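All chains are identified by letter, namely A, B and C, in their written order; residue positions are counted from 1 within each chain.
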Amino acid sequence: MELAPVFTWLYGLLLSLGLGTSVADLISLVALAVIVFGFLAVVALFLVWWERKVSAHIQQRFGPMMTGWHGVFQTIIDALKLLQKEDITPALADRKVFFWAPVICFVCAFAAYVVMPFGKGLIVSDLNIGILYIVAITTFTIISLLMAGWGSNNKYALLGGMRSAAQAVSYEVPLVLSLLGVVMVTGSMSMNDIVAGQAGWGGFHWNALFQPLGFLIYIIAATAEANRTPFDLPEAEQELVAGFNIEYSGMKFAMFFLAEFVNMFTVSAIAATVFLGGWNGPLLPSWVWFLGKTLAMVFVLMWFRWTYPRLRVDQLMEFAWKVLVPLAFLNILYVGVMAKWLKW
Amino acid sequence: MAEQLRTEEMILNMGPHHPSTHGVCRLILTLDGEVIKNCVPVVGYLHRAIEKMVENRTYAQCIPLMDRFEYVTSMSCDWAFCLAAEKLTEITVPERAEYLRVIMAELNRIASHLVFMGVTAMDLGALTPFLYGFREREMIMDLFEMTCGQRLTYNYIRIGGVSKDIPPEFIGQCRHFLDIFPGKIKDYEKLLLKNPIWIARNRGIGIITEQMAYDYAISGPNARASGVNFDLRKDDPYSIYNRFEFDIPVLNGCDCYDRYIVRLEEMRQAARIIRQALDQLPGGEIRAKVPLKFKPEIGELYSRIENSRGEMGVYLVSDGSTKPFRLRARGGSYNHLQAIPDIVRGLKIADMVAIFASLDIIMPEIDR
Amino acid sequence: MELNGVMTKQELIDHIKAHFPGPLEMIETKQPEPYFIVRPEDLVAFARFIHDDPQLQMNFLMSLAGVDTGQRCEVVYNVCSYPLKHRLLFKILLPRDNAEFDSVLSVWPAANWYEREVWELYGMNVRNHPNLTRFLLTDDWDEGNPMRKGWTGTDFITLPDRG
């Protein structure tokens, strides 16, 4: 059961109220924003619970079990608890910077979903620079990490902010290069076009099958962009005691925390859309395929976190610049040759 | 006009409350960016004045204090003290008690190395081996609880023998543990040792040369990973260790990676010793006849045993009364922490964490 | 039990007495290691001798402890040799007031914190030590030297002798 017809019907309802197209458009945009925000908030809550269960079962324990069936309401309870915590700002902190850092992080995490194809016809706005827009918006989180590190007036936070900025900037390059391979083959940066290009073979004409190296580079760079282990230096607990968000408490901390999980969902959704066929697939509705593929990628990211140790800062930089970037260029060469020779 | 960029050295305090230091230890680091220029350890947060307290207690009352001298391997601490007291009076410990002491001490060694393994991996970001190691440690804790009722500070090894005999279920459960344990060690090795991230974080980090090991009196697995072939159980044997067949793992890498491997291998050898001890366990008394008011002869001696952290030595001075005159308990971590400033100079903070974890430093030994 | 050392106890005693120029007092004990009393002024020379002599090679300082016997103060050194596997115990005797002795850091760098602890808890001064600062006790400790016999603190109770 596809969801696009529902939205079209709702829009028709709005028009029939006699408000005129511009007012109806305005109302529908606001409504879409609220719906997407609501969906992502629920997704973030779900992911926090799921991470705790996945990590618990990997470590042979149970995880949350008391609040609801197998602890499903745990995240809501935790969010309520964080809401009632005192919001402390350090006395010597740079107030404006300290205040705006979590806001920017949160907003940028959600702004990427304007171009995300949730299903057939379920996209808020199909910009023709879709992929470029996503890359540009997710880069803003780097600024917010730096702001958090600087504004906290704390050496640990400063170290965390510097590390995270270095890491994010370094891994942007292979990320974008790996996406470039797909754009070359598709011939367009629009997300709907990328998904449509993978519609062949009954919905299994995935880009990952044709560009495995690109897919691998994307996964590694995406793990680094999402600040997950083995690249979670900005928040290395054992060394920096929570890194850049050490001075944040209450709702501001909750914003960083939820933004991290929404980021994880974003990079997995991009992987699912660009490399794994998006919402294409037989039998099931398109949004089910999209969610399923995204959640599978999220599971892989969680699996990485609870298995691997952490890299040191200089080893991380070395890996990005000396290994990933050359491989990414190699991938582009390969795609270019294949596109010319096999007429992809 | 271009301003000079200020690149000052930063003083960072890895304070007493820190998820990574093992116990309460404060490290004052002088950093230049991420590179450590100097490191000053500040200790004394866990000072309980054990050495002053024992002068006020009888020998039997000292044993719970020695438990807390190093609570992760408290069987060995009890044993070191009882060995010193027994040597002063030349008591012969019954055979069964000797075997029980060896079994308990080796089980304790395995438990301590499991803690080491978990905590080291956790400090480097691999959060899962910690829980796998503790799963096996729970089985050992069950064995101890069944024997003496305690899980951490046992007060089990007494002067002249041990305090209680093992219940009948002990041998069966211990053998079951020994049967599954080698497979688990293989799991731990497979999980981390060939991982390129693990190797990159540990290979070549924290070099302790053989000369440094002698200069700073570094003992135990830390020295054995630097090529020093010395184990008190073979080279200065105490109790009945000369009846068992076991190997001493000695590696030449001198770095964190080898220290990890040496301890994993020691766990295997400890399991071997326990198996032989269970096979040879005789019947008989578990405690020699020791007078109620135990008064050793006047004299002084230094006796040492091989603890899981290194050499645990007890210098005991007795003046013929029921209370020790002077007790100087020396643990391996005391020397290892002294050597840290020399080891970490020029490395990064992340390496500091890896080195501190791999040296297996436990603070109560240092502060007493 | 005898040690696995290369030299027996009597050979060790003879070798040290024959080759060390200063006066030494040897005490007979039942323990397997020799027991010497060295003059405080010969301390560093003795330490260097047993460290460098190729037949002794005592390169491992096992323990350095201060003792207060009530009449005098002592500093007791337990050393052993890793290649040759023999042990030695020697001590220096000092008066209770204004006790001072030389640091053996130049021979065994491991003595650093041991000597610092002796200074702090016993009040014995260590010459040539680079860093005599507060170590185990708090930074503003002003209640004397706790390990001395006869020291009492505000909450120091003597337990009854129950055996």
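Everything that follows uses one rule, which is that a residue touches a chain if its C-beta (ideal position, glycine included) is under 8 Å from a C-beta of that chain, and two chains touch if they have at least 3 such contacts.
Remember, it's a predicted structure, so these values are computed and weren't measured experimentally.
Counting C-beta pairs in contact across A-B and across B-C shows that the higher total falls to B-C.
A comparison of C-alpha centroids places B closest to the centre of the full protein.
The geometric centre of subunit A is 64 Å away from that of subunit C, both derived from CA atoms.
Subunit B has its Cα centroid 45 Å from the Cα centroid of subunit A. Distance between chain centres (mean CA atoms), subunit B to subunit C: 24 Å.
For subunit B, residues touching at least two other chains: there are none. Contact residues on subunit B toward subunit A in their complex (touch as defined above): 10, 12, 18-20, 34, 121-128, 131-132, 135, 191-192, 195, 197-198, 200-201, 348-351, 353. The residues of subunit A lying in touch with subunit B in their complex are 55, 58-61, 155-156, 159, 229-230, 232, 236-239, 241, 306-315. Per the touch definition, subunit C reaches subunit B in the complex via residues 1, 3-4, 29-31, 33, 59-63, 65, 67-69, 76, 78, 82, 85, 87, 89, 108-110, 112-113, 134-138, 146-147, 158-159, 161-163. Across the complex, subunit B meets subunit C through its residues 43-44, 47, 49, 51-52, 56-58, 60-61, 87, 90, 214-217, 219, 228, 230, 235-238, 292-294, 299-302, 304, 311, 313, 315, 317, 322-323, 325-326, 328, 330, 334-335, 338, 367-368.
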